[in-house]
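You will see two complexes here that share subunit A, one where it goes with subunit B and one where it goes with subunit C.
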Partner chain A sequence: MPYTFGTPEWEEAFKKLTQERIATQPRPFVVFSPEWIGEWEKYVQNDAKYKELAQPNWENPVILHMLKNPALGVDQDIYVKLDLWHNGECRSIRYIPNTAVGQPGDFVVTGTVERWLAVGRKQLDVTKGMMQGKLKLKGDLPTIVKAVKSSVRIVETVGEVDGKFPDELTPEQTEAFRKVVQDLTKEFNIT
Partner chain B sequence: MTQIIFAPGIEDEGGLPVMIAGIITGNLEAKPERQNDFNALNGNIYMRAHDAYVDMTMVFEKGKLSVHSGKVGNPRISICTDSETLLDLANINIKFGLPHYFDYAGLAILKKLFLTRELEIKGLFAHPIMLTRFTKLMSCR
Partner chain C sequence: MGNCESGYAKRLLEVNLTEGKIETTPLDDDLLKNYLGGGGLAAHLFLNKFSPESDALSEDNPLIIMTGPLVGTLLPGTSRFAVCARSPQTGYWGIGTCGGNFGPELKFAGYDGIYFGPELKFAGYDGIFIEGKSDKPVYLLVEDDHVEIRDAADLWGKPVYEVTDILKERHGGKRKPKVLVIGPGGENLVRFAAIANDKGHYIGRTGMGAVMGSKSLKAVVVSGTGKALPALPEEYKALRESLLEKIKESQFAQLMRSMGTAVSMDSGMMMGDVPIRNWTKGEFDGSANIGGPTMTEQYLTKVHACYACPIACKRVVKVEGGPFKTDEGPGPEYETCSTFGTFMENDNFEGIIKANETCNQYGVDTISCGSTIAFAMQCFDQGILTTADTDGIELNWGNIESAIKMVEKIARREGIGNLLAEGSAKAAQKIGKGSEQYVVAVKGLELPAHDPRGFHGMGLEYAVGYRGACHLQHMSLTIEQGVTAYEDAGLKEDYDGQSSDGKADMVILSQNIGAPATSACLCIFVYNCISVKDFADMIHVVTGWDFSQDDLIKMGEKIWLLMRGITNLLGSRAGDDTLPPNVMKPLEAGGNVGSVPDIEKMLQEFYELRSLDANGWPRREVLEKAGLADLAQKLHGAA
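Our next item is the complex of A and B:
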């Protein structure tokens, strides 16, 4: 039986899985794998630059939406939610199902895997990417524009956590990554 | 209800035109008192983010706005700067119904406009009222 998203059991099981994989998987972790998400969460939680730029009363989650690309082991769209709170606190970073996306107050940044890899490699500036439509932003624009620098900082951190990008994997590693995502999808009900 | 029309294909492409339209729409919803400024605007305003190689034109017709990619017609006001500064324009404070340039955000804009020339605004002196109204529409503050 898959865990039901949003329940304490889901949260506990996800944390356990992440910790196990952090302890057992070879480094560098694959970017956007569960173990990498765990590392990224710690990084954002301790990021002094983000804390400095963040709004004291910020309460809006930011969701990064990666469009599927089966050739790179991503068979379905992936949504990763950063639960951001007052004074630069990052309460958690979690995969979420598409049914949980689009709540009032959510900001969703959508891009192809290639665009996210370009952001991660610092080849694509986040603000320019949004202006060019390479990254698409959904949500209440005036709210996010007031916090544009902190929002950009959050997305920039994707490239600062040590990781192996999906296009750097061998075919065997790509298949292994695909299986991890598929298993995660089933077990944690995040389709 | 604000009437904003996108030229064909723009909404799917996203980017600068959709962001600016989103800012204006959101601001008018949150601050309906600025509707008068929207209704009074008449003429074209052109914007270019030179570092992102994107540009757009807003065609205001007294209560209607159509948004286009690229340059359309003969704009009364042209704003050319980098992507970050374009978004900074949306952070100018409004005080007593007018843009306020004598705080941190406002002074940074003035510096880029008159000292470093990182921000270029054509029509600043020829159409000051139009620019003031547009600045109010753009301001998320």
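Our next item is the complex of A and C:
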């Protein structure tokens, strides 16, 4: 039986999985893998720049959405939610199922795998990318534009956590990543 | 009355105010096919009529109002029109464009379906060519084929909104006429006076309102009962649907719809685009209080669109009380939020709304007006101007009350306002004492609120612009900022704003892509969301003409050369292609730290690629090749 998303059991099991994989997987981790997300969470939680730019009363989750690209081992859309709170606190970063996306107050930033790669490699300026629609924004636009500096900072951090992007993987690693996502989907109900 | 078939009425209304003469002349297909309409066609007509010796405020300067083939159709972004003449602000080619319509279904506070451009087409004219000067205040009444010059003694001296209401009431039955009006600014020949299209849209740049004032022409009132019928109705319908869908999907359109043009404030601050303290500072925390989100959350009452536009970037705002109480009315654009905000280090949004309304009522361009006041503030800061010069007004940074008082003085030409009504460049010549270094203008036209230190290509665009520092008659701004790309037409998807490399190429192509669209009177915000091919398709379904992307780009080159050549004939030389000192100093903070455009290098490349000679004139061969032999002869003499 998969864990039910949003329950304490889900949370506990996910944390455990992340810690195990951080300890056992070879570095650099694959971007958007559970172990990489664990590292990224720590990075954002300690990011002084984000804390400085964040709005004191911020309560809106930001969801990064990677569109599927089977050729690169991403068989389904992946949603990762940053639970951001007052004064630059990042309470957690977790996968979420698409059925949980689009709650009132959510901001969703959607991009193809290629766009996220470009962000990670600093080839795509995040502000421009958002204005151009290369990274598509959904949510209350005035709220996100008001917080443009901190939003951009959050997206920028994707490129600052050591990681391998899907197009840098060997065929075996791609298969392994595909399997990880499949297992996560089964066990943690994140599709 | 007659319908406009296949894009055109094929008639020009000619009015001579000195002689009181009114006639219509035909416009032939070849001419329309060569320039499409708008500024391009107006420039062609101007070239055949003007004399370089005539002052911009003399009766010899014709004022040309021109629509384009798409105007009057329901294709998106097609309600615009151009107003052209020799500019009293720059002395060179003057052009301002404007959209219109808050839509009959969106009535509010006396607004009722504002669309001057389409209405002119419905009355059976592609444009109006106005010559001469009346010896008393008049207005022009156009009701289909009935055209009359009427006495305007009772309207002279009155502000824009009141005159608009009077004329709509006077000449409106169930359906109200569309009205162009000047305010006291135009009457008093303020060199950056605007023309108001009803209350909500302004032909702001290059002082077309002063040209209208110099002719004692207070207003143009138009009613038409015809229709604009496309050549290919089925294709037209299908194209309209697909364009609407495309525009709806565009992130740029969504941001503009959500917050209006003021959305550019917050992202612009990050990209180093927003000028602060008369272009001398890189950061201003107060900018967060005067952008799109603040307007939306605190002052917005309605959102409106020009005729047939799905973007709907127009804002309607209200300030309920306090010193800047403002009735419900048109909200400030990004440019106004900057010129009356960041330019002056003012973060009081209510003050900006009031300043916007004051400029509207007096009929002055908010860009040049705000910028000229920011220039005066820097002079005040540096002790060049004191309260003895300013009639006791403290022109200190951030003082929006003083800025609003100054708008009134400028429009009435009272005290120091009389000096500032000349625009910053001419005012500095009179003030002297080193004030010239604080002028931020090219060819006499104040820079709009986009910093060339953040976007070097814009610096080149400003420097070489035929109307002076311009952000709208081309596509350079949004191309360099990456909002749009036109990769099919040969532009790159991404340009590094703070590099001068490859910018001459980018600017030339942006000008050539932009010129036919602005001549067709297509809104460039809409153009940002579609391709050149889409634009060609728009022309095709309306006129039946087939233009390839390359044909349009070639036409763009011709139009650019024509306008540039006119500016040269009016006296502009290579030395005018320059950037002002304030923007050539690197900033120490903000989004463009340490960046300064390499204007010499870009100019050199531009001159070579555009084939301009040492005078800055397009060479004879280039003009002749573009089909501008007349211009070549006027500029270079008989071969």
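Throughout what follows, the second predicted complex is superposed on the first by the 191 of 191 C-alpha atoms of A that agree within 3 Å, B and C clash if a C-alpha of one lies under 4 Å from a C-alpha of the other, contacts with A are read in each partner's own complex, and residues count from 1 in each chain.
What we mean here is this: contacts are C-beta pairs under 8 Å (C-beta built on N, C-alpha and C of every residue); 3 or more make two chains touch, one makes a residue touch a chain.
Everything quoted here is computed from the prediction, not taken from an experiment.
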Should the superposition on subunit A be reported as showing a clash between subunit B and subunit C, or a fit? clash
In the superposed arrangement, which partner chain does A:K128 touch: subunit B (first), subunit C (second), both, or neither? both
Please indicate which partner A:A71 is in contact with in the superposed arrangement: first for subunit B, second for subunit C, both, or neither. neither
Would you check which partner chain A:L137 touches, where first means subunit B only, second means subunit C only, and both and neither mean what they say? both
Subunit B and subunit C contact sites that coincide on subunit A, given as residue numbers: 125, 127-128, 130-133, 136-137, 141-143, 145-146, 148
Using the touch definition up top, name the residues of subunit C that touch subunit A in the complex. 250-252, 254-255, 258-259, 263, 266-267, 270-271, 288, 291-294, 296-297, 481-484, 494
Which part of subunit B faces subunit A closely enough to touch in the complex? 13-16, 18-19, 22-23, 25-27, 30, 49, 51-54, 83-84, 86-87, 90-91, 140-141
In the complex of these two chains, what residues of subunit A are touching subunit B? 125, 127-128, 130-134, 136-137, 140-143, 145-146, 148
Write out the stretch or stretches of subunit A touching subunit C in their complex. 124-125, 127-128, 130-133, 136-137, 141-143, 145-146, 148-149, 152
